[in-house]
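What follows is a short report on a single structure.
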Amino acid sequence: MKSVVEFFDRSQASPTGNELLSGQGRLAVLVSIVVLALFAPIANAYEPFWLNMLVRMMIFALLALSLDFIFGYAGLLSFGHAAMFGAGGYAAAMLITDVTANALIVLPIAMVVGAVVAGIIGWFSVRAHGIYFAMLTLAFAQMFYVIAFTDLPATVLGLESFTGGDNGLFGIQRYETFGVDFTSTLLYFYLTLATVALSFVALLRLSNSPFGRVLQGIRENEERIQFLGYNVQRYKVLGFALSGAFAGLAGGLYVPFQSVSHPGLLHWMISGELVVMLLLGGLGTLWGPMLGAGLVIFLEEQLAGFASWEIILGGIFVVVVIFAPQGLAGAITSVRNDPKNVVTNAKRAIRNYVDKVRK
Amino acid sequence: MSGKDVGSPHSHTTSRSSISRRTLLASGAAVGATTALGGCLGSEDNRLTVGFALPFTGTYALLGESIVAGFELFIEQQGGEINGREVEFVRRDTEAETSRGVDVTRELLLEARADAIVGPVSSAVAMAMIQPIQTESSAIWFNANAGDYRVTAEGCPEYHFRTSFNDWQTSAPLAEFVYEEVADNVCLAYADYAFGQNSKEFFKEAFEDLGGEVVEEVGAPLGTDDFSPYLGDIQGSGADAVYSFFAGDDAVNYVNAFSDFGLNEEMVQTGSGFMLANDTLPAQGESALGMYSLLHYTTTHDTERNREFVENYVEMYDETPNVYACQGYDSAQAFAGAVEETGGTDPDEMAESLVEMEFDSPRGEFEFDPETHEAIQNLYVREVVEADDGESVENEVVETLEDVEGPDWGCSHR
Amino acid sequence: MVESVLRATLLGLQLGMTLALIAAGLTLIFGMLDVINFAHGALYMLGAYFGTVIAGQFGSFWLALLLAPLMVGLVGAAIEILSLRPLYDRNPLYHILLTFGIAIMIQGAIIQIWGAQSRQIPIPDLLSGTVAVGPVNYPVYWLFVLGVSTVLIGIVWLAIERSDLGILMQASAHDTEMVSALGIDVSKVFTGVFVFGAILAGIAGVLLGGSRSVHPGMGFGIIIEAFIIVVIGGLGSFRGAVYAALLIGLVTAYGALIAPTLTELFLFIMMAIVLMAKPSGLFGATEAA
C-alpha cells in the first residue's frame, strides 16, 4: 500500500507535453486546429449534429487539459474537478440570466470562480499527499454537489431559489458579444475552438515556464524543492487554482451551450469520467487527455442507441488498461515510432497478458 | 442553418408535399451536388421518425422500456404505419441525466430528424429539453412521463403535449377522498426533491381548503434506503392518516418499512399512485395491503377498452402493462391522430390539431387542454387488495374522479 | 423522543455492521493488493441479485444467504485472476480505470439479464413481524441482520488478528518478498483476499436485499459511502473500517432525525476533517502507511 502513496507522489508521467514544443509537434497542433476550423462548415451543412458533438468534445478536452496540467505536472490527482467545472457553469448561468450574455465578461468571471473554488479546495488539501489528496478533493467536490442539489444557499439566505435545486437552472441563452449572436451552433463552435486553442497554448507555455518547472520539481522531489527555498504549498495551491480556472472556463462554455446548469455537473461521476479520459488518452502528455476526452464523448454518443452500451464502454476501459497502458497517446506514439512492428507488439502484449494470468 | 429548414416549418411542409423524396434522391444520386441535398433531406423517404429520449439504463430503465413497449404496441396494431407511412423508431438513452437529455434530444432532432420526440422520464431532464425543442421547432413533443407542472408553467412550450400526468393531478384531487373517507388530519411524508415537494404542497393546499389539518411534514432525502428514523416522526405525529409521495425504490423501501414497523395498524397510508404502482407492488407485496393512492391508470381497471389493451400487451410482451406503458401507448395514439389529421408532420399544424381531438385510451377517454396541453383525464382512487391468485397484490379502483381539470399555470396559447 | 433515539440507535448499529461487511473487504483489498476497488459496490449488488434469484427459484432465504455470497466469490476470483493479476506491477492508478470499467460492465449486465425493476429478497416467516425492544416495536428481520453481521465481523476480526492465515495475510501486505521467500505463493494469497472481500460484500448484499429494494443503481450508490468509511477508518485498516462503519451508521441514523438533507453534507465534511487532521485515519494509527 505504500507504493500507492508513493506512486501518486511521484507519478512516472513522461516529461509533459515536450513533444509538442518540437517543430513537428507545433505543426501537428496547427494542422489539427485548421482542419477543425475547415471541417466545421461542412459538418454543419451535412450533419449538424456532428458539430454539436464536436463542441462538446472540445469543451471536455479543455476540462481534461486542465486536470492533466495539475496532475501531469505537480502530481496532484484531483478527484474533484467537477466542482470547478460546475462552479464555472453555475456562474455563467446566473450571469447570463441576470447580468449580461457578453462572453468577454462572463467567461473570464467563470474562470475566476473556478480559480477561487480551486483555491479554497487546494488550500485545504495540498498538505495531504497522493491518494489522501485525491480523497480530499473528492470530499470537497461532493460538498458542492450536495449544496447545489439541496439548494442550501437559498435556505440560508431565505431566497426562493439560488441553484435551482435538483432541477438546476434551465433555459440559459447562448452568448451574445458586441452584436455577434452565438446562438448558431457554427459560431459557437468557433468561439469554443478559439477558447480551447488559446487555453491550450497558455497551459503549454505555463507548463514550460519557470513556474511549471517548479511544479514539475515538486512532483519529482518535494523535499528538495522545499530545501531550495520554494514555498511548496503555495506553488501547489497556485497551480491548482490555475487548473481550476480552466476547468471553470470549460464550465462557462458548456452551460450556455447545453442551456442548463444542474447539480449533475458537480457530481463525482464527472470527476471520475475525467480521470478515465486522462488515462485513456495518456497521462501527462496534454494532447493525449484531449484525445481521450473526445473519444469518450464520441463513444457515449455512438453507443447511446445500444441497450448494452454500459457493457461495451466498460469493456473498452478494461481492454485499454490491460493492453494499452500508455493510453491513446502511447499507442499513437508507438505506431509512429515503430510502424512495422505493430502486429508483433500486439501479439507480445497478448502473450504477456496470458503469462501473467497463469502465474 | 441549411438542413431541412429546421428553423422554418413552413418551407418544410411545402417541400414535403411536393415530390416524393425517394425519387428525388434516386434521380440525383449520381450528381455530386446531391451530397449536400441528401444531407438536407435526411429522412426523406416517406418514413415517419419517432425519437425516444428515455432512460434505458439506471434507476428509471424500466420506465423507459415500458413507454417504448406501449408506443410500439399501438404502431404494431396499425400494421407498422400511420397514414400509409412506415414508422421508424430511434431510441436514445438519456440515462435520466440532464446533460445527456439535452444531447440526445438534439441528436434526435438534428441527426435522426425525428418528427416526434417521446420522453423523458425525469422532470429535470424535461426542463432541460424545453429549449432545444423550441429552438429547432421541428418536432412535436409527447411528454410521456415527466410530471413537474413547471414544464408547462415555464413558458407553456407550444410543442409540448403531456400524454402522462402532472404532479398536481396525482396529488391534489386525492384530498377530497382522504378528507371525506379517511381522516380530517394527516401527516405528510415525501421524498425531499422538487417533485415530492410539489406533490405534498398541492395536496396540502387542497386538504386545508377542505378544512383538513396537516399535523406534521416529514421529508426524506431522495434515495433513502432506511426509513425507520422518519417513521418515528410519522408515528409521533399522532395523525390518523399519512399522505406520501415516494416513487420507485424509495416507494418500495418506504412502504415496506411502514408495515415492518407496524405503522399500518395505527394509521391509514395514502399517496400518489406511483408509490403503489405495478413496478413497485411486486417488491412491496403484502406490506402494501389497504393503502390508498391516486393515479390516472390502473392495470386492473375493469373496462372493455382496458381489458383489450392488457390482453394485447400481454400477448406481445408476455408482461402486464403498467401506467408507463399506457402513457407510451397514448403518445402513439396522439401522434398517429395528429399525422392523420394534418396529413403531414408539421409540428405547428400537429399542435393545432391535437387540442381538437379526443382519445379513446385504456385509462378512459381524455383530451388535451387547449391552453396548457395537459391531459384532461379521469383520476382513479385505488386500494391495494389481494389478487385472485391469493399470492400477489393489486390495485382495485374504489372511486373515479371524472375529467379532472387542473390549474392553468398562466398559459394561454391561443 | 426516547423511542426515536432508540430506534435510530438500532438502525445505526445495523447500518454500521452491514457497511462494515462491505468496507472490510474494500479496505483489506486496498491494504494488501494496493487496489482501489471501484467494483466493490457492484459485487455487493451482485450478492443481492443472486440472492433474489436463488430465493425466488428455491423459495429458501437460507439457501440464498449461503450460496449467493459464494457465487459472488467466484465472480471476484474471475475478476482478480483475469484482470487485476496482470496489472499488479502497474501503476495503481490504472486499477481505478480497470475496476471502474468492470463496475459499469456488471451494472449493464444486470440490466440485460434481470431488467431494471426493483426487487426484494423474500424473507422467511420466522423472521417477519416485529418484536418489542424496550418501548419500540422493531422488525425481527432488522435485528437478525444486526446479529448476523455483528457475529460475522467478530469472526473475521478474530481470524485476522489471531489465526495463522490472518497473520500471513498481514505479512504479505507489508512485505511480499519475505513472504515469497517463505515459499508461499503470494498471488494465491492475493486471490484469496480479493475473493474473501467479495464474499463479505455478497453477504451484505443478501442481508440488505431483504430489507431494501434491490436495483441496478445500488452498486454505485454504496461505493462512495464505503470509501468514506475506509478513509475515516484509515486506508488498509480492518479495525479502523469497523469502527468507522459504526460511526457512519450512527451518524446517518441520528442525522435523519435532526437534519435529513444535511446528513450527506456532514459525512463529507467529516471525511475532509479527518483527512486534513489525521490522514492515516481516526482508528488506523499504527497500521496505515
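Per-chain residue numbering starts at 1, and chain names A, B and C are given in the order in which the chains are listed.
The rule is short, and it goes like this: contacts are C-beta pairs under 8 Å (C-beta built on N, C-alpha and C of every residue); 3 or more make two chains touch, one makes a residue touch a chain.
Bear in mind that the values here come from a model prediction, so they are computed numbers and not experimental data.
K.L.:
What pattern do the touching chains form: line, ring, star, complete or other?
P.N.:
complete
K.L.:
So which has more C-beta pairs touching, B-C or A-C?
P.N.:
If we tally the C-beta pairs in contact for A-C and B-C, the bigger total goes to A-C.
K.L.:
Centroid from C-alpha atoms only, then distance subunit B to subunit C, rounded to Å. What do you get?
P.N.:
Each chain reduced to its C-alpha mean, subunit B and subunit C end up 37 Å apart.
K.L.:
Using Cα averages as centroids, what's the distance between subunit A and subunit C in whole Å?
P.N.:
Roughly 31 Å separates the two chain centres.
K.L.:
Using the touch definition from the top, which residues of subunit C touch two or more other chains?
P.N.:
107-108, 111, 261, 264 - these are the residues of subunit C that touch more than one other chain.
K.L.:
Going through subunit B residue by residue, note those that touch at least 2 other chains and give them in order.
P.N.:
Each of 57, 192 in subunit B touches at least two other chains.
K.L.:
Which subunit A residues sit where two or more other chains touch them?
P.N.:
150, 307, 309-310
K.L.:
Going by the contact rule set out above, which residues of subunit A touch subunit C in the complex?
P.N.:
Touch residues, subunit A against subunit C: 1-5, 7-8, 11-12, 77, 124-125, 127-129, 131-132, 135-136, 138-140, 142-143, 146-147, 150, 152, 268-269, 272, 275-276, 279-280, 283, 307-318, 320-322, 325, 352-353, 356-357, 359.
K.L.:
In their complex, what parts of subunit B are in touch with subunit C?
P.N.:
Residue positions touching the partner: 57-62, 65, 192, 219-221, 223-226, 228-233, 236, 248-249, 252-253, 256-257, 260-262, 279-280, 282-283, 285.
K.L.:
Where on subunit C does subunit B make contact in their complex?
P.N.:
The contact residues of subunit C facing subunit B are 3-4, 7-8, 10-11, 15, 107-108, 111, 115-120, 122, 130, 137-139, 141-142, 208, 211-217, 221, 252-254, 256-257, 260-261, 263-264.
K.L.:
Can you list the subunit B residues touching subunit A in their complex?
P.N.:
Within the complex, subunit B contacts subunit A at residues 1-3, 6, 35-36, 39, 56-57, 90-93, 97-100, 102-104, 106-107, 110-111, 123-124, 127-128, 130-132, 135, 148, 150, 154-155, 192-194, 222.
K.L.:
Note which residues of subunit C are touching subunit A in the complex, please.
P.N.:
That would be residues 30-32, 34, 36, 81-83, 85-87, 90-94, 96-98, 100-109, 111-112, 173, 187, 220, 224, 227-228, 231, 235-236, 261-262, 264-265, 268-269, 271-272, 275-276, 279, 288-289 of subunit C.
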